[in-house]
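Think of it as A, B, C and D in the order they're written, each chain with its own count starting at 1.
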């Protein structure tokens, strides 16, 4: 399945759930509402045409106004891939856990919770694991985070 | 070590005792310098170079350096790789568990001053010098095996120049 | 015997333990000699590379990414450059693509040799470790003559590679890969029929296909579990579609299969390097990219096949 | 033989006394291992004793005097077999790889001696090498004709040459072979080695009874 076919397939079958985002180069990037995330993921995984059974990566981003969580999914049988983006507000970001769909998401979500401060609903083990135990300086990956030894470079 | 520590105090007082002190000193220093057993402590990139140094081409063993896994049985920590803030207390514990006399080699930029890249990182300890005292620094990111060998030879020279009187202070 | 009272106890393995190779801490719950439960604790090498890269230019990021995965630093350079190139549509010269493939595959061999040596050492045999690192030094020589570094290369840049290969690289590389292909046979002879090695590896650490997919396992471990999935073939990047190579797949998903798969992959990588050495032509090695280069706005996520998954 | 058995107690006490879980595991492992390998070791010695008709080492060596084909190792088929079982049991007894579970470096860090440093550790370490030398010397006495050899070289030199040859062999094995797991180790001792050695005793007795061996 080429990218164009995949795009048209998703746009016809997931009209209300996924919206295409032009920012994605090379890969297809879709946006989804935070409330629909788990249902969309389950559908994508079980759709016989797509079979997104492989969870590659989960990354977070802070655009100073919003948080973004990007899920990179792949399908081993169909050899296709897709990115799904969830946009979250800067105040009280909360997202549902997708680890019921892909257990691999567990650690990525923990990491996102720890570094970005995005709370994960229904996560079974939301404990600190990257930063050291006495850490109390906030969420380091946020753009507005600052620390004494952090030197912000001028914009080049 | 009780007797050896007190040896210089008594032997200096009797005529000709200085010879005894010097020869004991030489023997002890020789023994220590030529059988430095190092603790297998590698955290990051430098650990791979440490492995290479221990393996076929560079052959650490010819300097009398064999790795031991337990801190109780080693004389030397080669701190290879980045020490994060989470790791730092463990490094201190390991150092405390070692028996005297103990030495530390700081291998690579990260252990010297936070490295060429991690000077503004929130989780990396900027140099291990404020965790444990360091005897030899080896710069490089990561240092080549040759420079590690050179560092070890330097440490051996340092050890051979030690005086028995220094032992009392430590 | 059954009503004998036994007690489970916890044991703390790591962060400093001779067999962790890198730093992680495992909290093991033991029932005598049996491990009942493992709780991993990681983060002892969390160096905040993402945060550091946030305020660097793209060119400045590449050397940091070397330290990200220091056993195969080339692929970390590569995946970053690939992302930047895809974003801004930079065309990479032909010769640079060949050089990249040669370096990536040589680095894969080096990484697999480290795996081979340390695995055998953890099981208690020291000879394979010495053998593997002996062969790895030949590859290090090649890297050193090209980019002057043994471990962190900073070689693959956005738009190409940093330096051209010296004249004697190609003959020496040919010798190296033929030596390694032979030596891999020697490794197989050394361990495959060894009954103790077999006892320690066959049927140990089984990971079946469903579990492997569910947990997003990738690379050689996924293929050892019986899933024929290699991004070099299934999602081709660079010029991998020009070469003829097999992708070894094993089906048991135990330690022995992973070990065999990696040894096979070394031989396949040697094949790729040999073909690339044949096909390489003269030409420019780098597209024009300014040092302060910034890619066009947008997002991209690249995936490549790394030796460690 | 009795003295090597005593090392178990010291290992166990060392492991237990250091209040460290790794050391405790190491101590337990080595105790189990040494006790179970004692059986095949003594059983393979019994073969030789059966032949020499005496427990005295002098008598055992003298029974192998004369031509070097008289050495027990060349008395087929039970001689080589007894040597093999003895060697395996001896490696296990001396805690060397592939049976060095008591101080498996990659598993138990350093095993029972993890918490010992300085002179106490040196004692443990020297003990290991003395043990290695002792088992090799016993192997020479039992199977390789002790101090007998060609006339023109003094007998003690012969003895040491043979002993060091076996020490060399043991060291070679130590660096080449991977380590066994503890349950496999016990299985190997009780299910393989013990039956083989007992069978060997029976074979040796039959051969001795019917006089099917040479005396050159």
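One rule holds in what follows: contacts are C-beta pairs under 8 Å (C-beta built on N, C-alpha and C of every residue); 3 or more make two chains touch, one makes a residue touch a chain.
Given the structure is predicted, the values throughout are model-derived calculations rather than measurements.
Chains touching both chain A and chain C: B.
The pair with more inter-chain C-beta contacts, choosing from C-D and A-B, is C-D.
Separation between the centroids of chain A and chain B, computed from CA atoms only, is 46 Å. One finds 32 Å separating the Cα centroids of chain B and chain C. If you average the Cα atoms of chain A and of chain D, the two centres end up 61 Å apart. Residue positions 69, 84, 86, 120-123 of chain B are each in touch with at least two other chains. Residue positions 105-106, 109 of chain D each touch two or more of the other chains. Contact with two or more other chains is made by residues 130-132, 140, 150 of chain A. Shown are all chain pairs that touch, namely A-B, A-C, B-C, B-D, C-D. Residues of chain B that touch chain D in their complex: 68-70, 72-73, 98-99. Chain C contributes residues 41-43, 46, 48, 50-51, 54-57, 86-87, 213-216, 218, 227, 229, 234-235, 292, 296-303 to its touches with chain A in the complex. Residues 15-18, 21-23, 43-49, 51-52, 63-64, 67, 70-71, 114, 117-118, 129-131, 133-134, 136-137, 140, 150-152 of chain C are the ones touching chain B in the complex. Of all residues in chain B, only 40-45, 47-49, 51-52, 55-57, 67, 69, 81-82, 84, 86-87, 90, 94, 116-118, 120-124, 141-142, 144 touch chain C in the complex they form. For chain D in complex with chain C, the residues that touch the partner chain are 21-22, 25, 29, 97-98, 100, 104-107, 109, 175-184.
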